[in-house]
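In what comes next, chain A is part of two complexes: it sits with chain B in the first one and with chain C in the second one.
For the complex of A and B:
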């Protein structure tokens, strides 16, 4: 089972069919943003995260959110972002409740619910933290939705990242869906043998080893075979591997990367030093 | 350099992605299927640390959280910034591995009883300074509400009994060291996580443990000490359970398999089989 790639498979199939090649061989990035070099997209995502967390107040998160929304619209992934927004709901609810009602030292009461009083300071802090969290999550999500993992890794290796690191990251991402379906099988098998997933905390704690054991043992049994397979293919050879697929890059993109990367660091430094007091 | 490259043999390079997948999938499964208020998302990290060393462990932890944040399908949420915590957990696990903490130490008779009792006393003793920390008891700064205090004492006693029973029933002194490694890792994780939660997420983590943050704030703690108080409460419990799960798993693996990893020798030294 392959993980979902950044590109819509139907689009890839259409493009691939035109060239007479299957999608996994020829994955033509479509659209302006998708066809940027993966490294450029990763620098944009990382810089957005730095600004979202580093520039305090409203400005940082709002700028990142606006930028991310614009990129999502250009790349046509706005609909897929909904799932990532949903994933932030637990923490957002927690941030809003805990900070609005229980912000330490705040006295400017807005309204009260039972024994709890919502304060203006608390609500401000809560909304800013919510914006930061959502802006951060979405900037990473846009990167992940517009960039195929293997493109990103191929490009990193082309830029000099060691093959060990690209193997670790690529292999981990590829293994997660397989491991998840194995976890489902284990849970069902153990339930059939009487694993209690609904009982008291004590009973559920006893379920940890029956779930973790088979999963870990099963996964570790693959280590030996994979090691031999890699060694047989010269994985530990000293020479560098030649990257056959070089993704297009341009001077303009390089300039953009430097500008965005350095710009975000300068913005955060200036914000922390209090150089430009933003709302 | 030799120390570093020994940690990254091909076998370890193969183990790391598997460990990352275990972290993510098992963490997710435990939280959604067993619905326990613990994370249990560092079993793979600790496993790599113990088998390969501190740098390999730290790398596994950091990459786990970054991939969890990024990966298509399962990604999202807010786990990414906690990569620093995961790195520290993996690094500490590597140190435990080098010290041979997870090696089985069979014992009998008086020594066994002595260690069981000392372990139980120590577990309780470790909880006292956490509860007695002025950041929580000083009414000017904060202070636990009563139920948190009671819950902590109850959990400490249950943990002490569990650890003592583990040592005594398995006739293995390793349980003592495994518990200590778990608690120390948990306390370190709490100190690293608290500023991350406070700066990035308004002091909460989006899980059930946020109730504790709310309770501490209600008691008057500031943002930072409420997060720290929550961490010092849940992380040692989580990491001690993880530590024991890893120990049980290592005990179930053959010595032949373990000895092939860089630190494997330190796990099988006294093994008969």
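For the complex of A and C:
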């Protein structure tokens, strides 16, 4: 795909390429949305969250949902969003039930289930809250699906974020697959020794205990080892860390970031002040 | 350029007994000191203490002294220690940063921490990849390496810091014979070309036989035997300390016991086989 104007990656990475960095390290992102600077994408995701939760009524979350759907289509990640929507189901169900049946002060009863009465006000609030949660989840999902973790970290470093903060962010993101992989290893090891972790809920719950212990203690032990190993690699050196990758950025993107960021704050402020009445 | 331990005694925080007890050692430029001993003998603790990480980073109480060129390691900050004395741990996966997307970037982690210029960082990475014969791994994800590959990458990551002293805790434990040979050759080059001083804990006494100038035997936190490599590894008491003699010594012992040759003739035979 042709790079957008002002985003010529060869310009941004000229220094690294000249120094001899191989292409597999430069990893210039391609695609209309993916090639945006990670900071730009994070500002869009953050602003979407601000608007989804900050702008009253239906308008805020619906605008964010429409925008997110458009971005997802451009970036080609619409299909991948399904699992993120599914992941919100537990929280969405609890929001719907609590608000529909237990909304304080609501009297417009729609129907009753035993001693509980669902109210129109409660259902409206619940649907709006659901939309906000889904809009927020999808905006974060689009960010994560279109931004490689190492691109995000490289950009944070380039912008002068401290190495500790960058490392913590990177480790936290990297920890999720690492923990999942460790859990699989432990479960397989426990099964090999005869522990039955499949079948009824009771059996599955019983299988959690022998999983949790090694998981927690193993992780703690590894943190200690890794801390020592990091120090052995000069992690606490006072010098500014050498930046290896500079991701494409442009004046146009800087303007877009300011516009989106300030725009979301203005929209929330105006909504709270009742300056523009929205449905 | 000398790393010296004088009556070094170390006890981990909360432990009831010393992990290291009155150890005296000296490591000079261009020499290799081998360390052997049974499990739980205190070899890894010796590595941590010699590198200065204990007690600077690893909590515990050190008595006696550990100095690098006359300066106490306890007076040095971790990043200063890292530049003088590199350490490779037993578990290579825990030594990797966990944040690098490729082996190339993993090796770059240390030099970048020191704020070296990008061209210097790249030069060092290329040299380390070449030295350990792992250039083909450069674009691989460090999290998906085999144990042996991870060990080589972790070693490369330490070599990239170009320390004067190198402390290696079982650097070939997960390597096949070819990997072990590569590591041995790389270490020999470091000693010859850069005058790096190396302390290497190793169960593979065959490697030490070819690499080390001197060997110490550690047991229950103490040095129980010390001397030139050939003397120590030929010592018939070695197995009593949980150390298996190198093949050369075992074959010679077997042949001599069977009345099939003199020790000198067996050594000649082993040298021929090795060549």
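In the analysis below, the second predicted complex is superposed on the first by the 210 of 279 C-alpha atoms of A that agree within 3 Å, B and C clash if a C-alpha of one lies under 4 Å from a C-alpha of the other, contacts with A are read in each partner's own complex, and residues count from 1 in each chain.
One rule holds for everything that comes next: contacts are C-beta pairs under 8 Å (C-beta built on N, C-alpha and C of every residue); 3 or more make two chains touch, one makes a residue touch a chain.
Just so it is clear, the structure is predicted and the values come from calculations on it, not from any experiment.
Using the contact criterion defined above for the overlaid structures, shared-chain residue A:136 touches chain B, although it does not reach chain C. Looking at the shared chain after the overlay, A:179 reaches chain B, while chain C stays out of its contact range. Contacts of A:237 after superposition: chain C is touched, whereas chain B is not reached.
Of the two partner chains placed around the shared chain by superposition, chain B is the only one that A:88 touches, whereas chain C remains out of contact. Touch criterion met: A:222 reaches chain B and chain C at once.
Of the two partners chain B and chain C, more chain A residues are in touch with B.
Contact with neither chain B nor chain C is seen for A:258 once the two complexes are overlaid on the shared chain.
Contacts of A:164 after superposition: chain B is touched, whereas chain C is not reached. Common to the chain B and chain C contact sets on chain A are residues 149, 167, 171, 175, 178, 222, 226-227, 230-231, 235-236.
Interface residues of chain B, counted against chain A in their complex, comprise 8, 10-11, 13-18, 20-22, 24-26, 28-30, 33-36, 40, 43, 47, 59, 63-64, 67, 69-78, 80-81, 199-207, 210, 213-214, 217-218, 220-223, 226, 241, 245, 248-249, 252-253, 257. Taken together, the chain A residues at the contact with chain C in this complex read 15-16, 19-22, 24-25, 27, 148-150, 153, 163, 167, 170-171, 174-175, 178, 222, 225-244.
Contacts from chain A toward chain B in the complex involve residues 3-6, 49, 53, 83-84, 87-88, 90-92, 94-95, 97-99, 102-105, 125-126, 128-130, 132-133, 136-137, 140-141, 143-145, 149, 164, 167-169, 171-173, 175-180, 183, 187, 197, 201, 204-205, 207-209, 211-213, 215-217, 219-220, 222-224, 226-227, 230-231, 235-236. Residue ranges of chain C in contact with chain A, taken from their complex: 48, 51, 53, 56-58, 77-79, 81-83, 86-87, 89, 91, 94-102, 104-105, 108-119, 121-122, 138-139, 143, 157-158, 161.
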